[in-house]
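Order of writing sets the chain letters: A, B, C and D. Residues in each chain are counted from 1.
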Amino acid sequence: MGGFFGVAAKTDCVADLFYGTDYHSHLGTMRGGMAVYGNSSFVRFIHDISNSQFRSKFEDDIPKMRGSLGIGVISDYEDQPLIIASHLGTYVIVTVGRIANLDKLAAEAFRGRTTHFSEMAGGTINPTELVATLINRENSFVEGIRCAQEAVEGSCSLLLLTEDAVYAARDRWGRTPVAIGRKDDAFCATMETCALPNLDYEVERYLGPGEIVRITPNGVEQLSSPREEMQICSFLWVYYGYPASCYEGINVEQVRYRCGAALAKGDDCKVDMAAGIPDSGTGHAIGYANASGISYGRPFVKYTPTWPRSFMPQEQRIRDLVARMKLIPIREMIRGKRVLFCDDSIVRGTQLRDTIRRLYDYGAQEVHMRPACPPLVYGCKFLNFSRSKSELDLAARKAIKELEGNDSAHLSDYADPTSHRHATMVDRIRGQLGLTSLKYQKLGDLVSAIGLPKCRLCTYCWDGVDSSRAQRSLLSLDAAADEATSKKNA
Amino acid sequence: MGGFFGVAAKTDCVADLFYGTDYHSHLGTMRGGMAVYGNSSFVRFIHDISNSQFRSKFEDDIPKMRGSLGIGVISDYEDQPLIIASHLGTYVIVTVGRIANLDKLAAEAFRGRTTHFSEMAGGTINPTELVATLINRENSFVEGIRCAQEAVEGSCSLLLLTEDAVYAARDRWGRTPVAIGRKDDAFCATMETCALPNLDYEVERYLGPGEIVRITPNGVEQLSSPREEMQICSFLWVYYGYPASCYEGINVEQVRYRCGAALAKGDDCKVDMAAGIPDSGTGHAIGYANASGISYGRPFVKYTPTWPRSFMPQEQRIRDLVARMKLIPIREMIRGKRVLFCDDSIVRGTQLRDTIRRLYDYGAQEVHMRPACPPLVYGCKFLNFSRSKSELDLAARKAIKELEGNDSAHLSDYADPTSHRHATMVDRIRGQLGLTSLKYQKLGDLVSAIGLPKCRLCTYCWDGVDSSRAQRSLLSLDAAADEATSKKNA
Amino acid sequence: MGGFFGVAAKTDCVADLFYGTDYHSHLGTMRGGMAVYGNSSFVRFIHDISNSQFRSKFEDDIPKMRGSLGIGVISDYEDQPLIIASHLGTYVIVTVGRIANLDKLAAEAFRGRTTHFSEMAGGTINPTELVATLINRENSFVEGIRCAQEAVEGSCSLLLLTEDAVYAARDRWGRTPVAIGRKDDAFCATMETCALPNLDYEVERYLGPGEIVRITPNGVEQLSSPREEMQICSFLWVYYGYPASCYEGINVEQVRYRCGAALAKGDDCKVDMAAGIPDSGTGHAIGYANASGISYGRPFVKYTPTWPRSFMPQEQRIRDLVARMKLIPIREMIRGKRVLFCDDSIVRGTQLRDTIRRLYDYGAQEVHMRPACPPLVYGCKFLNFSRSKSELDLAARKAIKELEGNDSAHLSDYADPTSHRHATMVDRIRGQLGLTSLKYQKLGDLVSAIGLPKCRLCTYCWDGVDSSRAQRSLLSLDAAADEATSKKNA
Amino acid sequence: MGGFFGVAAKTDCVADLFYGTDYHSHLGTMRGGMAVYGNSSFVRFIHDISNSQFRSKFEDDIPKMRGSLGIGVISDYEDQPLIIASHLGTYVIVTVGRIANLDKLAAEAFRGRTTHFSEMAGGTINPTELVATLINRENSFVEGIRCAQEAVEGSCSLLLLTEDAVYAARDRWGRTPVAIGRKDDAFCATMETCALPNLDYEVERYLGPGEIVRITPNGVEQLSSPREEMQICSFLWVYYGYPASCYEGINVEQVRYRCGAALAKGDDCKVDMAAGIPDSGTGHAIGYANASGISYGRPFVKYTPTWPRSFMPQEQRIRDLVARMKLIPIREMIRGKRVLFCDDSIVRGTQLRDTIRRLYDYGAQEVHMRPACPPLVYGCKFLNFSRSKSELDLAARKAIKELEGNDSAHLSDYADPTSHRHATMVDRIRGQLGLTSLKYQKLGDLVSAIGLPKCRLCTYCWDGVDSSRAQRSLLSLDAAADEATSKKNA
């Protein structure tokens, strides 16, 4: 998915920029980048962080960076930040999101002949460069950003660095979060608020959907007010966000405890221990244990000193071993035990099946699973986090295919937890995973655990509801009407 | 402290060696090294791992290593492994421990003129090279290792790689652990058994104090039997060891739960949450929460993606920020709460004081601390883990100095938890840290939580008892007597 | 200045591309880059070569490159090659030359809003990206390249790589050379023909001014025929070109021998030795020695093992020493000797003055200088090689300023070797350099040594003649007339 | 072969050390190293320089080095400098030479059990570490160095750095040179005097065979006076030495001119051009051209910007091309021409044969060869420069084998230039190389060109004379006699 951090300080901003960006490392694994403006020029560095940490890679660049304005990014795919010269002047830009209609927008851009793309590593158009061309169409940054927000299908939050300010804009539907932090001599914009406390920032406020602000060392100016409707991604609380972060003022770790408590409520499972699959299941499991009175334990321990991320060795004989290296089972805590596990969700279930098999190998008597969200039935179209996972690989869809001979039949029925089809599907997944019992979270309970009205949350991957489509349809109708009108008048 | 891993396999051993060594990364932060024997030659690599992970640094070396015998090491100070040519042939060696009498041994070696040391990075003699010269004094590896075990004051466990075997030897008093693992086509020697499960090894057995074995792909031969007396370091369970490891067959995570439970027993502290200072306090806190029925929670979250270790940037403006970057406080879980924290121990207390102050800054109402072991009164002489911490910096000793005007007065009385002096000291520490309450573990409860007889554990840092000294005195008397006798007879 | 090499082969082209590009290393010191098309994608690498050789930097990239079409570049300033996505498709581009009107062209591009520049390292627009935007204005590569050739003031030769061909285009006035090489299974385009023999290519032909060709593994197709007028840079033979190269079929080393011979003709200087300032004066000196019968010798030897290029250490205490490190004087060959030196030219003369002083320090009795070309009076406007040297820093201009109190007075008179002013200027330079005698080459002799008609050579830096201006004026008049006409008709 | 540079300065010595060592880069291709003493400690760096230049590799280390005493080395095989702790104190050492009896000396060292070797990269004992053990046997550095000089068969010059001085010692027979340089605030020891002029040193004096001195910032103290007999390697002037260097006060470039002149004397070869095979043949060819009146020319030009050394790419498809990449032929200077080439020597002749074939391919009419020394008949036993070339691979020995069916028959006769056998051998080599004519230098002419008495030069590779053997025999006899005497007396 990716994450970004920007800062406008009265003094040098590089240390804040470095650590603030670093605190988004859990959101992306491929590229990291930073840029500052100082001494009348932009200085930028981009590195591949796929086999090393952000901090190790950028350490040598720090002495070359000086300035009071800067932006940084952790990116899942493309090189960022980009330095763009245009009729608006020279600026630097980072984006986070998913441009579903990238090819269409590029084709449109080519139509005028005068647009090209040069950030082509990997042979594809760099989405951030595309967003820059959309911004450049207009007469000012704020109009340009609005133009980009409208044109992009999917989502696109961004930071933009000029010689005198940092612009921050949240995507039109508020699918990704952006918060403003303040301290005595600086303001910052961040996706993850967990970046703030150790850099001494307080949360100033959370940007609303589509809101655009201009940040200088002296303050934050609203350039475009937020839209009413919001579709923030529920998965941020369930899985993507860092436990110490808040979105819309709601803390992730606490949502996970509430998720776990909701799973425990009415669950009469008799087990010796409640545990989480590290790291994403940990919070849910603590919530379950505290609510149920069942002892919490760690039958798997993550080897954190060296497995913070998915490191991929070049050599095959080494590579084969990687998948299961992170988690170390403790035989003494598994043998002869009935264990209940919480995890954030079940996506494809392949790795989970191996984990469960290892538990039995180590002598587990029973293994129960409690995912913190309902079965995933629909693949995400709005953010990049399911890019490599085809919708049809989802454990639920594979089960549906086996049951129906067709992976698209009765989807809404399967998504309904009260239906017979749903029960059959869950039992099939349970059987395939080799679980003693499997109970998914109810969507209503998840929404309650988060605490926002359902209409302000995107729950598409569970129930297929896309609130933005309806709206877009209306808008298209309006636009079509407008177009018809203007044609008539021409 | 450092850790090592050696393997003798029927096929190529490099993947096992790579990951097996990597699983000791929590034991050292400065150097990593690996050597294999294959294609009629030894291939060795050593890297600085102070600002990068072991795996990142060695990735490029893997393709250059092939062989069925290998040893690896994570080291806190010196370059290892060393390749040594001697009258015993050419071999490779790694050591873990502390040679308290290094200067004396070096001076002795120089006396004969024909010994030199060439591994002099940093200007000091490499302890592992010194151990090699001790081994070379004798006619065989086993005699040489015995010679080294006798000569070294402190501790020295080691692995030694020749063209046809890996020798493993545990230090004379068993202060550090060495275990043997087996699988179908290989045997290994490891300090941490957490290296075994993911590489498919089972624990074959734990070496006894001073025991020496010769490991080939076909089996493990005992060359020198274990000594009776053992003084294994208690701190391995309390702090140093990885939760998934066992020493003497006793799992670390479970000891920590028992420590926490012991702390909870009879503690009537009224709090909203029991928590651990990550990572070392986590297990103890879980044990406390489960035993007390108080909710477990994580008001601090460690930023694991990039803070697995103490990374030290070159630049001062960046460096100042490092100390507190790892742990992120969650205001929502702290504000208005009464929190009880477990931690492994209180050493100097300086960082802890900052942490506690931050908790109050974030609105904590009460902060209670429950260390999993008694106050540290004596600095360790046997292992390297307190090297940078002067005995007089210990929180307990500083409190004693303030109370007595002298940091060495009445030490044994202060170490006695039933004494008035002890209570005064603890209250002083509590006050300095700004804690609502502070209760240390009792040594008896800690020993019970570990589960070994006290006489087989080293508890020197708490009660000042050095069982090996008495024995060494006896041995010296014996030796003196022997010498006298032999002189008489000459 | 920079240089490029492109190849279209029936088999893998990477080795040819690697070495062919490397043979242009003498033309640039900042950046190197290569791109290939293979496996349905473009793969590109760019490295800083300012403190390392091209070959060392690209060695690791070679295994990642596979393909039968490729282009490479050695560049003095900017990152190249660029990968450009446009309405013409995706292509890769490198350029060599100087875009004197870059700012004007960029401003024009911005006017339409839809053009941006993203290759902004160093804060300035990348000239190659600008050229790409000029190409993109048209409907095809050939029209686009013609458009760029017309728009650019200065010079711009280029290579362009698509999925099925390499396009090569020489700049409109033929200021820089481009030659086509052929062998059994490949064709190549190169600036330096010295790249051909060791890669088994023969010179197929030299492109004419403004000529555009399309090169495939099967042949070379002319897309745009050459223009009549040519203004190839004379300095290529005098200094820039490699001795083993030919331009317009004329070998550099031989031109230098003829230059030296022309200097010797009628020179009655009595000396013990004729020598060259390495490397650029060597060929001229050999020519002088052979023609005059004076012994050739090497009182200065270049330390080639490590001083092939201008290496710039970071640290000041080291840096101060660099300037004179390359050339080592041999006292035994200098002491008590009368030495005549040839060099390519005298630019600012500062380094030369130091060299001459050292010769006297080492005991030289007389030092005579014979530059292979006339005094430089005008700074180059057409190629990048005088970028860092202001026109006013030229030794001739400084002498003129001292004589006239004004550095722009009577320039054409000073440039005339038969004038009194010229003689006065030369004597002043001689005196400042501390030379026993100084005789410049006559322009007519230089032109004869090259062997092309004067009207086809650019001799601007010596005589201020810009043949292209007259022509451009005519064209502008035509254009103005056209514009006037069209306005009238509108 | 290798080379070294040491310096003792009143101020920081690092810049001098860096460049002074760099000026020995032509003597070794594998390892480079430097060490300084400053701030109470030794700082040392060693790098692989096989695919990169010394200066590039050490640039990053410079800021970490500070001190007024330092030594550096360019080494063909082993890691150097070594830091050695011993009863003499801690010191740093570099050596240049060849220890023919290394295995024997190592075996002796092991006999006492207390010696080990730890510098074992590549699996063999590091000769410099062995020399250190020889030095450590004695009571002082000077006695130790003398001991090493006596024990080593072959040659061993060395530098030794302590906390207060640099010791320099020339090998016992003076096979390799060592000179002392001085300037106002520093003294240095160097193998190549070409390192001196650009660092502002003057040659103070040349050490004699076996001489040992102690160098401090204040002066040079003789610790052991030179021996009478000398056997300095003649090849230093013919090939190994840098043109700007002097040995025994005799400049290399001038010796080469005299070699060329001697070849020209009485040679009536009618050719169009005299040329040298770059770089080693250049000086000889200039001498030939100047003496004969034949035009000097460069039909081959070396691509110096990137081919200063033998760079070996990893990948085979690239590697195959390397051999001939350095030299670029100029067709215009070869076609239809009769060319006479000088080269330093003919070793195996394989690469030369390819070069000659290329000349004919490029249209040469006649190719004549004049090596600057006689045929190589015996492989060197005293220095490391023929290590990879078996004696039996020598062109002369292969010719002898073909003529005699045995490569060791009549060697002294073949080495005699007046013999019929010699003439037959030369003609055979000529035929195999495809030369129009081949005339070797006479040994007497070579000796005259150098200008030292023949008895002070080692000419073993041409005439098989080993002056040191006779002497050693005498010494051994003496020693045997002494031993016999002492035994009798015991």
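Definition applied: a residue touches a chain if its C-beta (ideal position, glycine included) is under 8 Å from a C-beta of that chain, and two chains touch if they have at least 3 such contacts.
Because the structure is predicted, anything quoted here is derived from the model rather than measured.
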Original post:
Chains shared as neighbours by subunit A and subunit C?
Top reply: none
Subject >> Relative to subunit D, chain with the most remote C-alpha centre >> reply: A
**OP:** For subunit B and subunit C, let me know how many angstrom lie between their CA-based centres, rounded off.
**Re:** 64
**OP:** Go ahead and note the Å separation of the Cα centroids belonging to subunit B and subunit D.
**Re:** 52
Subject >> Between subunit C and subunit D, centroid-to-centroid distance (C-alpha), Å >> reply: 39
Subject >> Chain-chain contacts as defined at top >> reply: A-B, A-C, B-D, C-D
Original post:
What residues on subunit A touch subunit B, complex-wise?
Top reply: 12, 14-15, 18-19, 22-23, 25-26, 51-56, 59, 62-63, 194, 197-199, 242-244, 246, 251, 253-254, 257, 279, 283, 286, 289-290, 293, 295-298, 301-306, 308-309, 311, 313-315, 317-318, 321, 324-325, 327-333, 362
Subject >> subunit A contact footprint on subunit C (complex, rising order) >> reply: 41-42, 44, 82-87, 90, 106, 109-123, 125, 129, 132-133, 136-138
